[in-house]
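Okay, got some structures for you below.
Two complexes follow with chain A in common, the first pairing it with chain B and the second with chain C.
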Partner chain A sequence: MKVAIIGAGIAGLATAYFLAKEGVKVKVFEQKFLLHGASGRNSGGLTAQFKDEELIKLALRSEELYEKLQSEIGFNFLLRRSGYLKLAKTKEELEEVEFQRRFGLKLKLLHAEEVGEIFPDINTNAFKFASYYPRGGVVFPWAVIWGLAKGCKDLGVEIHDFKKAEVVVENGKVKGVSAGEFHEAEVVVNSAGAWSKEINEKLGIKDERVIVKEEICVTESIRPYLDPYILHVSNGLFLSQSMRGEIVGGIVGKSNGGVGSSFDFLVRYAKLATNLVPKLKGLSILRQWAGVYDEGINGKPVMGFSKVQGLYQLNGFGRNGMSIALACAEKATKEILNAQLR
Partner chain B sequence: MRKVVCRCEDLTEEEIVHAIELGYDDIESLKRYTGATTGPCQGKGCLMHVLRILSQKTGKSIDEIGITTQRPPVNPVPLYILASGEEK
Partner chain C sequence: MVQVKDGRLMEHPILNFRRGKEVTIYFNGKQIKAYEGETVASALYAAGIRVFSRSFRWHRPRGFFCAIGKCSACMMEVDGVPNVRTCKVYVRDGMQIRTQTGFPSAERDIFAISDKIIDRIFPHGSQYTKFNNKLIRDFVLSQLRKMTGFGNPPKKEFQGNASYEEIHCDVLVIGGGPAGMSAAINAGKYGAKVLLLDENPFLGGQLVKQTHRFFGSAKHKAGTRGIKIAKILEEELRKIPNVDVRLETKAFGIYGREVGAVEKDKLLRIIPKKIVVATGAYERTLIFENNDLPGVYGAGGVQTLMNVYGIKPGNRGLIVGSGNVGLILSYQLLQAGVEVSAIVEAMPRIGGYFVHAAKVRRLGVPIYVRHTILRALGKDRVEGAVIAQLDEKWKPIPGTEKKLDCDFICVAVGLSPTHELLYQAGCKMKFVPELGGLVPLRSKYNETSVKGVYIAGDVAGVEEATAAIMSGRIAAIHAIVELGMGGEEAKKELEEALKDIEEFRAGPFGERIVCGIEKCILASEVEL
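And then the complex of A and B:
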């Protein structure tokens, strides 16, 4: 079987890797350089603190897959399981905790003062409650992509960067992709993230997903200082320390399109971040950027074959790609292999 | 002799060449893999050196290679100064 995958982000590359392991001939097409899309622009937060059973299960499976793939491929993803903290002003915003515990998540529901024991420099007046997930943490998204790309190449997968691919359809059935030249394939995977909607619409497939823009910035590097990944659900602030020592942070995005950076974001971020962790005040912002991601309906990923025969959808990960995409890729691989057997 | 290309991230010419040989041979990928241009100077001190090395190794002209996306701020700005700004 031949499979063409559009989009070399975490979902596309992981699917390519899993399929190649099963002996499938895989080609991956990336319109720009690897890391150009959301997989290269996010802050690497890893959690399973979701409000939906499917998402929780995908996140738990992804935790296992991170460990497995790192050793299998022989590439360090720079993953740190130092906890994921969801902060909130009201308990209602964290009522999901009981639901999440049903799936085995070892969560701690904490009062602000108790969070001060995990991270002493946090301003305990900036929130009231927290849900702490010790198995959560931070991964370096670039290393994940480099590692997956290496794993793919070791298995003979062709990765074509700077090649925008278009799906070629004949009589309602996928024939392959056109990317400068024609590449034949029985199955085409649409894992192009924010750009997957455009691909679908071109094929006449109705796509109601929302495209969200999010802005992020980094400070200069400092010694290891902040262990957990922090997300303040009441105001959207998130921040963590990368393995390079930078404080990486942003504000949860809104659907307004574009990828430009704004000064307004920096001001809003600086206010929220220094209110939550006053000691960050003296740190300088080195760089800011923006990214776009595609959000599925009800926050769920879009997975499965679509009305164009042979076209597999693997998108709609929203902000949760790093947390769930590996398991989604594994599931996609199974479904693609099963469809071929029929 | 060590030829330091990027002082912020402590990168030598040899390390840049090695990354290009590994296949990180467009400027955006090379930047990310090596960390060149991502330190406190944000490329002011190293981008031209990295471009020269990439051009010499790949035979592509500087124009063909292009430069990395230039991201704000121009110089590092402390958070307390940004926090004193007015919100829109």
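And then the complex of A and C:
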């Protein structure tokens, strides 16, 4: 079987890797360079603190896959399980904790003062409650992509970068993709993230999902002292400290907008971040950037074959791609292989 | 013989160093004498300190390099504030300065062993490709995390008085060197409301270290020393009341029609009608073994150290590159009583003006053309260098290696435009070797592909100060004419200014620039 995958992000590359392991001939097409999309622009937070059963299961499976893939491929993703801290102003905002515990998530519901004991620099007036997931953490997204790309290449997957691929359809059935030249394939995977909507619309598939822009910045490097990944659910602020010592943070995206960075973001982020961790005041911001992702339907990823025969949808991960995409790719692989058998 | 005391030049044939009050600063707890008006980095240098920091991964020694806040090799903790570029901060009595990287200090760092031993076993990138067992991986990661990071986290909350200001203006000029000052003067004289930003505490850009006389016609300030030109321009500028000058102000981004900048502890949101970017250029370095050793400096860094702060850079220098900067620097070193071991040039002929070359040759400095530097020698500082002859394919010829005695090396291999702001603003860019690197496409009036964003000076293509002054004039006048200011008079001056620069570039030395500019004229300007 031949499979063409559009988009060399975490979902596309992981699917390519899993398929290639089963002996499938895979080609991956990336419109720009590896890391150009959301997989190269996110802040690397990993958690399973979701409000939906399916998402929790996918996240837990991804946790296992991260360990497995690092050893199997022989590549270190710089993954640190130092906890994921969800902060909130009201208890209602963390209501899902009981639900999440049912799936075996060892969560701690903490009061602000208790968080202050773990991390003395946090301003305990900026929130009231916290849900702490010790198995959560931070991964270096670039290393994940580099590692998956290495794994793919070791298995003979062709990765074509700077090739914008278009799906070729004949009589309602996928024939392959055209990317400068024609590449034949029985199955085409649409894992193009924010650009997957555009691909669908071109094929006449109705796609009303929202494309969200999110902005991030990093400060100068200081010795690591901020271990968990922090997300303030009431105001959208998130931050963590990278392996290089830079504070990586941003605000959860809302708008439907371009890819440019903005001045307003810097001002808003600086206010929120220094309110939460006052000692960050005075640190310089080194870089800022923006990225786009496609929001799924009801917060869930879009997976499965679509009405164009042979076109598999693997997108709509929203903000949760790093947490769930590996398990989604594994599931997609199974479904693609099963469909072939039938 | 030039007198030297405590590493400082006491007299100089051209310059007159006025040092402020004597103060005491503390470096890793050790008392050091300094003078007000000196930067921390230059005072430490004068006291003989050469290792300023250690590299991030392999703990290699890093010293002074650019002296103008671009290279980050001199970052230290100053009075509890981490990651301070010590080449940009002036000394204060009682200042506490600590090196950040290395244990117990950057000078004596036990982790320096990682450069020698661990490098063999775990070469670059092995944090990704080794440690595939989960337990080992997790252990290594937790240990790596303890060793990473530059500065200490702030011990107490920042006490500065942060504030915010919104400024509307007709023309925003970013950079207060010759191009920026000229742009501000020419926009200001036609009544435009101008805001001029510069990240340094002084105006003049790199003119402040240029002690040589300029060439060209009298109209373009020929025969005047660079340092004097900076003063003339500043005087002219300060006379115009509608020009607002903000020093120690960094512009960090052009976001559509607004520009973000930081003035000390104040955040500025600037809403200009036109922007002139005159951010200049930075020094290039060269790839050779040990090129990061303290004692390998940018030529401009040495000029700053010597001509601005009056500090002797060393006893015997080797100059790499025989362009005007390399030649002039050699002469300036000799003036300051520093020996010049040799000038090394990879091209088959000298790059700079013949008059400059003749001057240094008369003083007995050997110039090796078709030669390159192979490596710098020394452990924690430069103790010599090895050079070799090149063949037609630019490969070193075996057997021609020569060891030269020197205690510092100046890399004078040219400049690259400081293009980052323009790239970020979304200007269409092109790599043009004749202009020094990545430059924006532009109209003949120096407007980039982003309407209302202009360029002037070295950022448009590395040239020199006279041309920078002229290009600032063109950009500024075109900007105000577009705003409907200046009337017929301005339009006439604009055409004159264009003719001026054309004449200036008509000589043989302008040929390369003209050829480079032809490559990056906006397509809309090219007549088909």
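Everything that follows uses one rule, which is that the second predicted complex is superposed on the first by the 342 of 342 C-alpha atoms of A that agree within 3 Å, B and C clash if a C-alpha of one lies under 4 Å from a C-alpha of the other, contacts with A are read in each partner's own complex, and residues count from 1 in each chain.
The definition used in the following text is that a contact is a pair of C-beta atoms (placed from the backbone, for glycine too) under 8 Å apart; a residue touches a chain by one contact, two chains touch by 3 or more.
Note that the coordinates shown come from a computational prediction; the quantities given were computed from them, not determined experimentally.
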Is A:243 touching anything from chain B or chain C once the two structures are fitted on A? First, second, both or neither.
second
Where does A:146 make contact in the superposed view: on chain B (first), on chain C (second), on both, or on neither?
both
In the superposed arrangement, does A:40 touch chain B (first), chain C (second), both or neither?
first
Once the structures are superposed on A, label A:268 by its partner contacts, choosing first (chain B), second (chain C), both or neither.
first
Quick check on the superposed pair: does A:281 touch chain B, chain C, both, or neither? Answer first, second, both or neither.
both
In the superposed arrangement, which partner chain does A:224 touch: chain B (first), chain C (second), both, or neither?
second
May I ask you to decide whether A:325 touches chain B, chain C, both, or neither, giving the answer as first, second, both or neither?
neither
For A:75, using the defined touch cut-off, is the partner it touches chain B, chain C, both, or neither? Pick first, second, both or neither.
second
Quick one: is A:289 in contact with chain B, with chain C, with both, or with neither? Answer first, second, both or neither.
first
Dual-contact residues of chain A (chain B, chain C) 146, 220, 244, 261, 263, 266-267, 281-285, 288
As the complex stands, chain B meets chain A at residues 26, 28-29, 32-33, 35, 38-40, 42, 69, 71-73, 76-83, 85-88
Please give the residue numbers of chain A that touch chain C in the complex, ascending.
67, 70-71, 74-76, 78-80, 121, 143, 146-147, 220-225, 243-245, 260-263, 266-267, 278-279, 281-285, 288
Residue numbers of chain A touching chain B in their complex, please.
32-36, 40, 142, 146, 161-162, 219-220, 244, 261, 263-264, 266-271, 273-274, 280-289
Hey, which residues of chain C end up touching chain A in the complex?
56, 81-83, 127-134, 137, 141, 144-146, 148-154, 156-158, 160, 162, 252-253, 255-256, 258, 260, 267, 269, 424, 426
